[in-house]
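All chains are identified by letter, namely A, B, C and D, in their written order; residue positions are counted from 1 within each chain.
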């Protein structure tokens, strides 16, 4: 199987979907699912294949290269699988909406361009796919209309800013080294001055940081994630922003090489340390901002930023364990965050678009499968043992502690603590507590929504118990980058600095679980009580008047909220306003009076002559 | 007075051009501006003719035998002026027609007041 | 043997006989520009391979230059001719249904004359002849801007005429000064005499030319006519004005600066001017609510970008600038055509009146979107290679100034993106306010065909830029090799 | 304020131009192509009026452009003015007195004759197509002024204009067709200073004369009738 065929299927599928939809909606749906399934299968077939092909040379003397190795395979498969699930999830979610041809076509285009990004073997084709991804994402984010429009605008402006900056970096690399193919480029920067490397790092980091929502560049993410259609939010949050992570890994490990990267700068001012600090900031601030949110999707959006912080922290820290942790966390986050967005999406679908946590509640009985999915999802997010999030976070903490970075480790732990708080708020306010009366007749989510939720939940548990599978892949990626490999077995990691064996933990938990279950079974002291069967000062509580979920964590929130104002967002907005004002000021020169215009002409003429006569400049 | 006799033609031609420019730049009335443009045109035509002039030269027409070729003025600027005049007329005609229409729409020819199209 | 002079003469002849066809049937008239420009397209494409080997020189009337007038059909000239013929051809199809006024005859004649003038400007090798054709271009565009005859269009046309006529006067003055000094009008002959622009006597004509052509090329601060004129002309004319007329102005300016004067010392200034033009154009466009004014200001910005790239004066820079020129010609014509039809349907030029157009006119809206993305420089459309080449050319110089300027340019690109994306959002993602008009209205075929063809070019060249880069490289070398030009005309 | 500023600007430009005029001394023979035209013009084009040989011969292409400019202006003027035709009321013009009326009618053919003479003899005496055309147009202007009931037949004037333009281009293309350049002087040049000499020049000049005459008359007609 050829890489170019894979891309052709991906892009061709996106196009054909649009026109199929004009014929029949059903065929289009089946076709879209089929295409994304085919992508996932074909991408999976490239396991352990390492190949590289030049597919096109006509573009301004830049050869276009496609390549696949374990690194890009890992990302490609994740993208294709999550893409498949969200397409399946969309089937019901999007059915009643207008312009569905456009939706599916763009969805497939986003997936295709992301696969293109990870499979491209040179920076120009990388950039081209990157931009296609940017604008197709923009169109999808704006799909929901209303507030989505400004969200999309924010996204595309920041994204374009980032990518033009990256373009400068790419062209500069080309002019210095005369090639943009990764394999030829890697190692060439060894001899470059550290100033130049820093220049390149900053340029690329702005671009990737925007996509990855690293702290000062994150402002587009919360509105975009919350306003996009939910299946797309799960793609957006699960994988699209991780394309930024891919870029950062590419930059650090392939283009610059890890040893050069680690030696940039000294001590606290080293580039590695600064980026780690940024990663920690990206964990801390958004985590607590997430706590303040009342909109389920916005909460998850902030959580996404925070989790991206873990990934950046792990990768930028640069030891083989932390990098493994970062990459594994990328994988895990893709699973549980897309799961959580689907859960919220399912609730939103059934409640006709309600995402406000204060007005939901008690849906556990109505949508049990969705609840279980949500529960497993937040367990993964928090990093409860036996879920995949545990292993990746453990790897990151361990390496931070072992390498004498207690502050970073502490901050990361603090982040996890915050994660617990907001995750609980999310699950509680949606599924637990009292069921509002208006949701009495709510039905459980349709099959096409439950299927991805169930599969992703199982995946969380599966990879939590057998982390060796993905870690094995990550290990071979790392050895491909020339890093020291970890010792891995199927149940976890066995190294001299610390061992983790999920089989032991699994057994322990299983035993404890059975014991607890037995005790409850034997004692039989507890009785199940209906939701309205409770007392308050002798009278029953009227329905819908009493809701636990409003003002959750109120004292804490009141305490921290003054510090968590999004200054960055304000800054960008005022920047935009000032540009607009400048434009408004400048266009006053076109006064509408033709007398002024001719004076401009003569002024220009006179000025040039004056300069030449006086200073003989030219 | 040699200075004047040397340069009087240039002074005249450019004098017209600058008068025209001044009118275009300062006057408010569209008709005056059009006249200004026309004056600039005339000035340039004069200037072109002046360039081709040869002292005591005759018109470059061999209308009768015995005319010496080296006493004739340069024919090229004359040809250019012929063209330039026609172009000037063309612009003038178009400008006048626009002025007529402008007056019908706005009821004024004051260019300072006709500024709906701006910014 | 195809003679380049046919490119000018045949359309001219056809323009003269339009009234004759009008006597037969009023319906035939609108096909005349179509036929003429199709002819031009074929001829210029057939000339292309020959021109790439060696520029074709034609002298008029059998008089060798510098005595007669000569046409120089170099790569750059034929490149422009093809562009003019192509866009003109497509727009003439568009006009079949778009122009519905009574006096169609005059529209078609003027339209054909405008494009003929543009063709003459890019082919001629004689500075006064260039001026004459330039005047044809200008006069027909003045009248076409006023074509609707309503309040705004007359006002814009008057302002355009005053500024344009002033510019022409300056050019003529410059020609006079040059003729006075060198006694010749042939560009190659003049160029052979001009060694440097340092002395005031050479510099003044240069400045006069820059200012004069700059008015038509819409360089800041000479561009005040453009937003008015482009926004109040019929949309088909706006497409041609924005896609061809200002580019031809830029061509004339660059030709004069590079070939006639060889003024390398002034290039840095022009480059700065280009960046300023770009920034001002984009900032002004950013604040517009009127779609056609927005597009017009965006054209100013794009001209600035082209001027910047061309003024880098390296092979990379000129190639990039010319690529940008091609991409702007295609993209902006497409935008004006698509926007024009949407305006025609919604009856308002306000961006907010475009809301919901994505549903009502799906194909036109799609074409507009692609055009907008292309102008912003997103792949896989034609704007991207242009942007890439310009960045490459600027960074290749390895100077701090260029790096700083390129960041300004990219900032302007972002601003440009901002306002184009806003329109795209309005097309697709905003609910239409008056709901009774929700039915789909597919535009007539004569509107869709040019739009589709332009879209096709934008995508195809965007994916496969090699189609035109070879031509651009040889055009760049023609502009850069002044000595070769002189030698080839005046052996 | 504005005036002062403008004067300042103009002074700067005047300074620049003065400096550059130093290179163009007045009244001294200096042109390269001009000498060539004077010395070789008669021989090469057969026209004794060198200006004509330049206008129609050496720089014939300019002339083609020039009549196109005029053509564009005429059409443009028609387009601009013409859109108002509907609402314009036919104003009652007081008829001219008999003397003026008769005088105009008497002068009309004479002026036409003069104009025709001038453009036919363009290659022999000062004058030519533009001048002749302008004189012809003035005849029509006189008619408009003096005899308000007389009008140009629009179709006739269009036809004349078209024939003029086409003749010019056809003559040019014939030169191309016989394997030479555009506007090549393919006819025998004849004896200089004869009426039938100078090859295509008289033909072209007649064409120009017709075209310019009808165009200018058209402009006058448009301005008088429709404004």
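Operating definition for what follows: a residue touches a chain if its C-beta (ideal position, glycine included) is under 8 Å from a C-beta of that chain, and two chains touch if they have at least 3 such contacts.
Owing to the predicted nature of the structure, the values given are computational and were not obtained by experimental measurement.
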Centre-most chain by CA centroid is C
Per mean C-alpha coordinates, the chain lying farthest from chain B is A
Whole-angstrom distance, CA centroid of chain B to CA centroid of chain D, is 16
Averaging C-alpha coordinates per chain, one finds the centres of chain A and chain C separated by a number of Å equal to 43
Distance between the CA centroids of chain A and chain B (whole Å) is 69
In whole angstrom, the CA-centroid distance of chain A from chain D equals 73
Where chain B touches two or more other chains simultaneously, the residues are 21, 24-26, 33, 51, 74, 76, 83, 87, 90-91, 94, 98, 101, 114, 116-117, 119
Where chain A touches two or more other chains at once, the residues are 587, 590, 594-595, 598-599, 602-603, 605, 609, 612-613
Where chain D touches two or more other chains at once, the residues are 2, 6, 9-10, 13, 16-17, 19, 21, 24, 31, 33-34, 37, 59, 62, 65-66, 69, 72-73, 76-77, 80, 83-84
Contacts from chain D onto chain A in the complex sit at residues 2, 5-6, 9-10, 12-13, 15-16, 19
In the complex, chain A touches chain C at residues 58-60, 98-99, 102, 124, 127-128, 131-132, 134-135, 138-139, 142-143, 145, 148-149, 152-153, 156-157, 160-161, 164-165, 167-168, 171-172, 174-175, 579-580, 582-584, 586-587, 589-590, 594, 596-598, 600-601, 603-605, 608-609, 612-613, 616-618
Chain C residues touching chain D in their complex are 3, 5-6, 9, 12-13, 15-17, 19-20, 23, 58-63, 66-69, 101, 103, 106-107, 109-110, 113, 116-117, 120, 126, 128-129, 132-133, 135-136, 139-140, 142-144, 146-149, 154, 157, 173, 177, 179-185, 200-205, 207
Note: in the complex, chain D contacts chain B through residues 2-3, 6-7, 9-10, 13-14, 17, 21, 24-29, 31, 33-35, 37-39, 41-42, 48-51, 53-55, 59, 62-63, 65-67, 69-70, 72-74, 76-77, 80-81, 83-84, 124-126, 128, 130, 192-193, 212, 216, 219, 222-223, 227
Chain B partner, complex, touching residues on chain C are 128, 132, 135, 139, 142-143, 146, 149-152, 154-159, 161-162, 165-166, 168-169, 172-173, 175-176, 179-180, 183, 185, 227-228, 231-232, 284, 287
